[in-house]
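Order as written gives the chain letters A, B, C and D; numbering starts at 1 within each chain.
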Amino acid sequence: MTDLSVNIGSLTLQNPVMPASGTFGPELAPLLDINRLGALVPKSVTLSARDGNQTPRICETDGGMINSIGIQSKGVEHYMANILPSYHDFDPPLIASISGETIDEFEQLAARLDKHPDVAALELNISCPNLRDNGQAFGMSAESTFNLLRQVRAATGKPLIAKLTPNVTRIQDIARAAEQGGADALTVANTFLAMAIDTETRKPRIGNIMGGLSGAAVKPLIVRLIFQAHQATNLPIIGSGGIMNGQDAIEMILAGATSVQIGTATFVQPNAMNTITDEITDYLTRHHIDAVTDLIGQVDLR
Amino acid sequence: MKTFDAQIIANQPVSARYWQMTLDTSALDQPVRPGQFFHIQCGDTWRAPLRRPLSVYHYDQKSRTLKFLYLVKGIGTQQMTLKKKSDIMNLIGPLGHGFTLPKQGALLLIARGVGVATLHALACQARAENKNVHVILSARTPADLLTVDLLAQIGATVYTVTDTERTSSVKSVRALSEKLIREEGISSVYTCGSNRLNKLVQELADEHQLKGELATEAHMACGIGDCYACACTIRKDNQLKTVRVCTDGPVFPISEVVL
Amino acid sequence: MTDLSVNIGSLTLQNPVMPASGTFGPELAPLLDINRLGALVPKSVTLSARDGNQTPRICETDGGMINSIGIQSKGVEHYMANILPSYHDFDPPLIASISGETIDEFEQLAARLDKHPDVAALELNISCPNLRDNGQAFGMSAESTFNLLRQVRAATGKPLIAKLTPNVTRIQDIARAAEQGGADALTVANTFLAMAIDTETRKPRIGNIMGGLSGAAVKPLIVRLIFQAHQATNLPIIGSGGIMNGQDAIEMILAGATSVQIGTATFVQPNAMNTITDEITDYLTRHHIDAVTDLIGQVDLR
Amino acid sequence: MKTFDAQIIANQPVSARYWQMTLDTSALDQPVRPGQFFHIQCGDTWRAPLRRPLSVYHYDQKSRTLKFLYLVKGIGTQQMTLKKKSDIMNLIGPLGHGFTLPKQGALLLIARGVGVATLHALACQARAENKNVHVILSARTPADLLTVDLLAQIGATVYTVTDTERTSSVKSVRALSEKLIREEGISSVYTCGSNRLNKLVQELADEHQLKGELATEAHMACGIGDCYACACTIRKDNQLKTVRVCTDGPVFPISEVVL
């Protein structure tokens, strides 16, 4: 029997495949076996209600897509009253993605969710390119990453996963700052700040001018970022960006990921996460590998 | 709602810019309502990962055949034109809320361009329920007018207006609509395909106390309510609300729509 | 008549389309009308001879490619004796791309080429991800960019084009540093640091482990970087990264580019640069635009 | 060398893993030499932008038809198998330096796997010039052996060795080669397809003072000498030199090759 289970901090997942925040919801239930996921990750929640950004909020690019949803959220109270219960009947642990405009907001969100029994861990979205001007995010500075983690760490005992931004000069520095601040794991990474212009109308193809690029196009950049972050820290890494099939997931695991998140691929095919899990199992079987953990960071550098 | 494969029965151009695709959807086990849509994988998912939403143009419950009428616009619809009889299309659907028919009275449908693709299924159902149906079709040129004969065939009364004939101004369409409302016992009015006509229909519905519905469009990623890509703003009880076109729509009461 | 001419500093080009360094050579002459290019840009030259990196030096990714050629060069003396003369009979001005491991090397290269009549301008490759460990480059720091530009500026009167790296948190800061240091123009940008792993052999698909990603996949990131750099400086920008057709070139010009460089597209189709020039002309004609310069930065933000 | 379109005359599998494509290359106006290659656009240039290099397997100057023998390996060659008669392939070529034939004496060709694709054209030319040609074909299994009959047909003497029959060890191939060198007046030896055999041929050429040539492979981007993707190291006058496989090769004197 192939062992697919992995640990993210104190959390044990039945397999490494989980959804990427913002691309998943209970609406998928008729199209996907949600109980076969490693974890559940709902859309990022903010402290108070937000409307999200102007439309169009998405556009397609070669091998990818740009989104600027901008965290449309009804606030954390609504989240606890309505969103969390909608996942209650599924088996996998739920990782709540939280997003704030200030460090205090992150802290309050973490404190508010700290005691909630349905929340197994918190993913800190310190990397959304769609909240502030020009795609600025906390995760762009090692200092603010450290401060944010430290403050949130004090507010909750739940495992903390820092979702890093790829839009930085040295991800190693940010990864280390998150580790030192008290993160239990890293998600590498959020979307790449991007822009597309319709040459016929000359207008940006995204209402918010810029947005975040995801999908197959970004995979070689994410593999590199995982490799760099894995060399810089001891934290388990959740790889995210451009995984379309099991082979892509294996590639990220070899680069240093413990687990993977799937976003755009679910839009292509709603049951992509189930297929990817099957393909990971097939790969392990074909290569006579007992446990997926045996592959983590095992890229052969000669 | 499900993800399923459907075999192509036919796929051909119906005019210079429009094509029609007929699919064998025997895999479907749910009813399909006018105004609902399917989210379609058009072809090369590597270059173009996103699905495309297309309205039900026609659905035959007995034979379980589904038709789309589509404007060839960008890479997705271009790839659809390359598909041949017996090729397989992957669909998610049926999705979204469809139109609701009036209990009594006649229907007025006002469609611009490919908007008729969406309203055509409604006309069919209303005629099947023996309701009177009046359709105003607006297009750039007479050659762009779609399904005129088919609508007439099922017993709808069709009026065509075009830009080149200078009959398609909002003013002319308003005059024609008001005449029909006065003379034909219209109880509800439906529209799709043009912002200017949406406004007109909103005004007409308000002025004449008609039930009105609008089929909206938005760029979509998931198509099933997860991603909030397809947001639009509606007004309900005098409050602005952001809703999802894919699940809260695509059909909205015309009174709620913010134009 | 449509006017395609553009100015890069004091240099006037007959049209905005030029090759990207490292993807072009006189070998293309039978396959491409070289005299229809806006400028000629040979492979980057180093002060002394270098062998380049381990093989494999390229691999393909979805919608792109990774290269780690690593500047194989026979040194600047050989360049002046053999490379520059091989372009002598072509009409377009030649932009010499230079690459050094130290600021002094850049300065010496510039000084050595300063008086050469065949060199119309210098492009400073301060952004090659394939020279130093982990893709480090001068262009990753505003300070070293400024220092490098200032020192090279003192060594030559030729127009200086700083080729920036996209692997930075804020390209605006680097663009401004280059401007203040004395750059006449910017190339935005070099390749994105990337990695790919063969899941069957578990080896990196590039001998050097990491390399630079180019091709269609990166276009939305480059359009964003051009837009940001254009907002931050007054320098003319040469857009580079992912241009496959005339529409892509127009997109970059609308974002703020004055000129464009074509690399990967030439591998797809050797006469791509001629086709792209034709497509730009067609676009201008169809939109009744007299001069391509009327489009620079004209994205319609409402 | 030019970029040109060629129409497919035939494209079919010749064994479980190998296909053969025949092209009408009437657009070609240059001679094509054994050992040269073409740089081929395989299909979807969006997902897979790079061309693939394939050796001339056979070129008929009179009819201007060109054949490739290719191993179906990854996305590029997979896309080639989807191409049908009358489809168009875009090629750059002929590229690189081909083999040189010996002035006199017989040729010994040692090919492993798809390496025979490259050596086959050489066998044809040598036979056309009435030289004696001995070919040792090595493969994993007897089913993987390619073009045995064709080579015999043109009058080459063919020896087959395979892994499953345990006849393909370097030792056996060395023994067979030495016998042929002794008995058949071999003046030159050529190889392609295996690193172990390359080494063997280098030794044989050295020990027996034979002219030897090797066809090398490298990942390529431009294929015409511009990009330095295809670098390999050779030894010339006892100095190591980095050269380009696409233009300085792909055929190199076996004595210069660093293995």
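Just so it is clear, a contact is a pair of C-beta atoms (placed from the backbone, for glycine too) under 8 Å apart; a residue touches a chain by one contact, two chains touch by 3 or more.
Bear in mind that the values here come from a model prediction, so they are computed numbers and not experimental data.
Touching chain A and chain D together: B, C.
On a Cα centroid basis, the chain most remote from chain C in this structure is B.
Separating the CA-averaged centres of chain A and chain C is a span of 33 Å. Chain centres here are Cα means. That of chain B falls 48 Å from that of chain C.
Distance between chain C and chain D, defined via averaged C-alpha coordinates, is recorded as 36 Å. Multi-chain contact residues of chain B (touching two or more other chains): 46-47. Across the assembly, chain A contributes 62-64, 216 as residues in contact with two or more other chains. Under the stated contact rule, the graph of chain-to-chain touches is complete, every pair of chains being in contact.
Residue ranges on chain C touching chain A, taken from their complex, read 61-64, 66, 134, 140, 167-170, 192-197, 199, 201-204, 209-210, 213, 216-221, 223-224, 227-228, 242, 247, 250-251, 254-255, 283, 298-302. On chain D, the positions that touch chain A within their shared complex are 46-47. Remark: chain A residues 22-25, 27-28, 30-31, 43, 51-52, 55-60, 62-65, 67, 69, 72, 215-216, 264, 266-271 touch chain B in the complex. Residues 62-63 of chain A are the ones touching chain D in the complex. Those residues of chain B whose C-beta lies close enough to touch chain A in the complex are 1-3, 41, 45-51, 75, 90, 92, 218-222, 224-232, 242, 247.
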